[in-house]
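Two complexes come next, and they have one chain in common, chain A, joined by chain B in the first and chain C in the second.
Moving on, here comes the complex of A and B:
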């Protein structure tokens, strides 16, 4: 009797604990909710893309010309003979769940689309990682400096520069960099060097023009944001309190102002870090980076367009965009415990 | 408190109007009333950089509107003319800015062979391509060939165009001669005996086997003109100065074709032929592109297209976004939630994917531009809808809305007569900030070749950049003007937009 009762209470305790935990795990709940929502959105988008692509005439099959048999066979091989709904089911089963995105039909004829994609990935990632490594600290420093020197000439210089670099399209700097650094001063080559040694020093040097061109925008954006956030925090009352308590100006700035201003800035940096995998199509094209962006342009400007490649890359860009949005949202809660994402309170 | 409350039956005659002879009204305001927009305008004007940006935008818009209308020449209008290739890559030449070096000249380093060729052009036509010699006849230790000699000169690229060969019908040949006789402008120059290897029409003098000119004792060029028979009457017009011997006249054309339908191959000076053909001296404000298009008018056409596209797109986005956002914000609840999910899905599609799909599907039916506009509209209104929705959430709980609803105003009336005007400031700012975004996306897409708008009558900034890129180190001015245009446009639109936002909503000042 006693045992049974005890067992019962412990079980009930567990239940209560679980319920409590569930109630307090709003962050986990929120995360799961957001991820599920994201997957749903992704699924809808990729379905629309698939259907729109399959509705197009099958150019790769038609290139066999007048030979009806060949065209028919090719259509069959590409799966165009089945009804659209069946094709869609096969697509979900084979590509979305199985990870097999089919063969390239044009440029990389016969090779698996996914393999080509993975082969192009390192160049894009490396260029963008280098960019972030030098752009993020520089952007933060400029922003902090401008905020500390608010309304002095240093601030005006930085703010004007930021305004210019935020507005002017990145390909304009790319041309300037190519013209002055690569042509006039002959410091670098126009295009990055061929080869797959992405971690080597010589590869890094040849990537510098692309890194600089990509970095300007990031630096300017980050500096502007940091300046705005930090000036707001620097004028707040708790900072005045900290000063009255006897902290020095540098102590208040570093310990109080900077940490608080990082709350919105950190998620932004995180979002950019995810976004870097997507890269910048136009910079990759200008500097000949053999990356995903170049692959994307190739897949749509080739005749006929490479549908399988296009579908895979569309899925990739979609998921990158969605994921960076989620990570930014969620990281607010992690950076600042006061922000309770998804909490009802 | 309770005085005079209980007086029954006051006779009607005892009532009397107070002050029938004077009007009671509010005191008249001594200052002018300042409305919402007036207030915003006052604040905007105080912001110097935004005003400067507005002026720059005005100039760019005027450039885009009026240059294609007024500054078209017979050259820039003759769009399918193959003659274009002959006048490609000319540098900018402006009469107004000639003092600043914008006079069609450039500084180059050439070797002695090229120098001789330039000199020969001067001797033959009298138009000297060598404006100034900075450093003559020096050895370059870095150069590959040891005994090569170099010259640093300032070259007039317009005079340096030299000669070209044209094949004319008899009528065209006669017409050209008549024009020559009438104006006294030497266009046709005598044809040359030996054809040089690369068919260079500029070589009118004797050359050795290596292509170097053979000079006589005085250091002059020896001409290599063909001699016509005395009886040949097909040329009857101006003759060049050295053509003095009536027994041995120079031949001004090579005749090919049949004897019934002869055609004349003539050597003409490109500069003078341009005057004959288009009626004015070649001079291009911004230079010409690699295909020979006049950049000044071509860029204006591109700019006009960009502006039109941006205005169309932002007008459509404004309409859709406002209606969608108002409904979302006003009704809230599950309507808002469902509509928000639709926005999520649309917002998740990368823009480049949308554009490609629209180009593949619609460009046959509605044209490339139509498909581009559809792509912009499909996702472009999301930002506007979000803005309007936020404004509606902000205003819908306020007292005046409650009052309007109590008085029986319909939902539509409350939304568009009462709430909407209050969110107008944000919406105007939104529209202004959409325009540079659209122009930027359009130029990127055309640059990458995802959207191809290039034709003889039309172009876009992105296409101009892409075409100029292959030779932008040697001819930087071709890429400079489109770049300058887009950079100025983006900067000034952003400054202008920020100024507007600060003016309409001073509390947001400084928040970027």
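Moving on, here comes the complex of A and C:
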């Protein structure tokens, strides 16, 4: 009897603990829920993409002297004569579930689209990572400095610079950077170095004009945002209280003001980092970065569209975009423990 | 001591000589170029773009190539991969490959060099070429370039049948089996099938090349309606048509169709003619290559080509294709997944093997590639002072401003000038102009029925039918200031006054340019109305002087024609006095500077031109900029009224074949011009022959093509004797087509570029098609090291102004 009671108690304890764990594992529950929703949204988006791209004109423009039957035979050989539903099922089975995204049929004819994407990705990533490493701290520092010197000449100088760089498109100062630093002063090469040694010093140096051009916008954006957030926090009552309790200005700024102002800024920085895989068409073209910037637009604008490339990129960027949404949402909880994503309390 | 000094001196001299020799040996000459698009596939069997062929140009060769003629003012064809000119062996193959007794110029033997090697030193034989041809024509691969062996002038016997092996295609009944209803049986699904089991269709909106001269029945019904057709069932049939414009032939659809073409006597057909509107599914039989395809190795160094139709001389050598690939590497690049064939040959550094003058030594996708001399290339000793270039470097630099800065900094050896650069560099000593072979035109829809329909849709007081009046179209032609149009759109281009540019060769055997012939010159003066002003005591002493005077712009005459057109329009009831002419101009997009500037110019130019005429304030333009790359189709489909900046390129050495673009509905911009109905009189050797423009076009194709023409009312067969007669026919057709004034020549493509000071062209003047000698003959003013030093001395920037 005692044994049975003990066993019963243990089981009840176990259930209680499990229920307790379940109650407290709100973050895990939330994450699982978001991931499932993400997969559903992903599936819907990619299906819409598939249908829309197939609606675009799929036959190449007529060419003088070409055998038109042969052009039709090529389409058949690639399966484009099959009903759309059959093509869709093949896509789901082979690409989405099988991971085989196929070969490029237009721009990179004969090359595996995944290989092309992966070959071009490092250049984009490295230029953007270097840009973030240079731009984020500088943007934050300028923002903090401007907030601390609010309405003084330093703030005015920074704010004016910020307005200029936020207003002017990045390709404008990209051309200016290239003209002055590369052509007039001959400090850098016009184009980034060829090769795949993206971590080498010489590669980094050749990337500097591109990094500077890409960084201006980020610096300006972050500085403006940080200044605004920090200014607001610095004038809040609880900071006044902290100061009256004897904390120094630097202590209140670093321990309280900065941390609180980071709540909206941190996800912004995270978003910038996630954006590094997107690339910038114009900057990549101006500085000869062999990256992924133009891949997406080229896959749609070619006639016929480069279906496999388009669907790979759609799937990739959709999943990254959706995942980054979850990561950003979860990050709020880490930055500010008061925010409990998914909690019912 | 003296001995020691002498020894020391000798050592010093030796060292300096060695150093000099080393310096000489190490001298490099790099040709640096920039690309605005980047090659991605240079597999000779599938490449699609000119950019892709850049790598092929250096890593492969043909049997024959162009070279300067002895007087350096023209070209000649010389053996390249071949050791000699083709040898006619037709007699050896009579009875084989479809060659019949009496056949001429249909089998050719090409002796090839024994010293041809791949870049890894592997020798190349004729058998390798044959194996490559097999791979090109592989029916499973469906290679994009396979048709180079069965289209054009050099048609390899059996190539198409082998390539089509096992393929299901739709064939026109009239030009193939010509099944009658008695030959067909009803399938289980109620659709008629051929004796081979292929489904049979009614060609409703499907082009019939023979029966309807390349038009569709729908085009005819839409154009002529009840006057020629019983249209009672027509809409029902059109509704049933699939994407290809075909309707399955069943008892019901047959019954619906019969009255359409037989119900009105004017069309002149009976039920016996109905099968001519059929198309059917057919599957090509499986075929072995050996013994059926006329492209094979006769020995290790002899290739034989057996042709389906005769070809000789220039066209034979020019049209021969050598699709050589490194077969083992090619096979390693082949994959077949779930029945889908793909091949990665020629997509990276590891998947290409050169047998040409240069080999690919580095390749980074969308960034840069480098070619260096191929030590195994056979041709380096074929002439003195050739191929001084040791390395060719291509950078992908899409931005023009970056290219210009790189050029000025000595990093590029050539820069293609842009519109904005012309003012600054037009007077440069380093500027070189190159005329292209394309004429770009403005095309209008002159068809009354479709314009009336569009006019009704456009609303009250909107007029479009004035476009049907020839005088109005002539006014449009004369009112266009072509020089200004070029300045506004593409300043390197020049005004065009006819259909063919001066780069088009009419007699390639003798290198005679079409535009240089008297017949072609006469076409220009006719079109511009100067024919009566030439001669002694007249405005122009000769034709050349008259042509030199043409600017393509005559506002006074244009205004006269605008007034005439208006009067005719009012008189014929095509237009009311309070109507406003509205012309819809189609462009592929709204972002292209060429089309934006061009449209703006057209609007301003014509608005100004009609001032002071009866059309003042009554000529307006709107734009549809959403048509995409296929924007020409919008005119064919009557969705717009005008196109500009359109034209055709290619066929530089065969303007006779190129004329197809003006007479075939497949290519025509104005699909309403019926070349089969437009009768043209042409005088040859004192006899005036009459035939349709299409028949005349056919008469110019190939060698010994027989056509039926009329002399008076009598039918007679005609074969054009030589290039001279072909030129007469071509000029007559050009003249005839220009007089329609629906295709108005606007500009001739040309480019201007700056040449870097490091390099020196072989000829200062451009010699078509050699250009200025190319890399083969290019020499250098500086070695790379000297050039770097020179640029540094100049402060890093060179002044090319």
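Operating definition for what follows: the second predicted complex is superposed on the first by the 310 of 345 C-alpha atoms of A that agree within 3 Å, B and C clash if a C-alpha of one lies under 4 Å from a C-alpha of the other, contacts with A are read in each partner's own complex, and residues count from 1 in each chain.
As a working rule, a contact is a pair of C-beta atoms (placed from the backbone, for glycine too) under 8 Å apart; a residue touches a chain by one contact, two chains touch by 3 or more.
Values in this document were obtained by computation on a predicted structure and should not be read as measured data.
**Student:** Once the structures are superposed on A, label A:321 by its partner contacts, choosing first (chain B), second (chain C), both or neither.
**Tutor:** first
**Student:** Does chain B (first) or chain C (second) touch A:85, or do both, or does neither?
**Tutor:** neither
**Student:** Thinking of the overlay built on chain A, is A:55 touched by chain B (first), by chain C (second), by both, or by neither?
**Tutor:** first
**Student:** Is A:191 touching the first partner chain B, the second partner chain C, both, or neither of them?
**Tutor:** After superposition on chain A, A:191 lies in contact with chain C alone.
**Student:** Identify the partner contact of A:175: answer first if only chain B is touched, second if only chain C is, both if each is, neither if none is.
**Tutor:** A:175 sits against chain B and chain C alike.
**Student:** What is the contact status of A:116 with respect to chain B (first) and chain C (second): first, second, both, or neither?
**Tutor:** The second partner, chain C, only.
**Student:** Based on the superposed arrangement, let me know which partner A:77 touches: chain B (first), chain C (second), both, or neither?
**Tutor:** second
**Student:** Of the two partner chains, chain B (first) and chain C (second), which one does A:69 touch, if any: first, second, both, or neither?
**Tutor:** Touch partner of A:69: chain C, not chain B.
**Student:** Is A:164 touching anything from chain B or chain C once the two structures are fitted on A? First, second, both or neither.
**Tutor:** Touch partner of A:164: chain B, not chain C.
**Student:** Check chain A for residues that touch chain B in one structure and chain C in the other, and list them.
**Tutor:** The overlap between the chain B and chain C interfaces on chain A comprises residues 175, 178-179, 183, 285-286.
**Student:** For chain C, which residues are in contact with chain A within the complex?
**Tutor:** The touching residues are 40-41, 43, 46-48, 140, 142, 144, 146-147, 150-152, 163-164, 167, 169, 337-338, 340-348, 362, 364-368, 395-399, 401-402, 405-406, 408-409, 411, 628-630, 648, 650-651, 657-658, 660-661, 666-667, 796-797.
**Student:** Can you list the residues on chain A that touch chain C in the complex?
**Tutor:** Contact set of chain A toward chain C: 57, 61-62, 64-67, 69-70, 72-74, 77-79, 94, 100, 103-104, 107-112, 116, 119-120, 175, 178-179, 182-183, 186, 190-191, 194-196, 285-286, 288, 290, 303.
**Student:** Can you check the complex and tell me which residues of chain A touch chain B?
**Tutor:** Chain A residues touching chain B: 37, 41-42, 44-45, 48-49, 52-53, 55-56, 163-164, 166-169, 171-172, 175, 178-179, 183, 224-225, 227-228, 231-232, 281-282, 285-286, 296-297, 300-301, 305, 310, 314, 317-318, 321-322.
**Student:** Which of the residues in chain B come into contact with chain A in the complex?
**Tutor:** My answer: residues 344-345, 348-350, 352-353, 356-357, 360-361, 436, 440, 443-444, 447-450, 465, 469, 472-473, 476, 479, 483, 486-487, 490-491, 493-495, 510-512.
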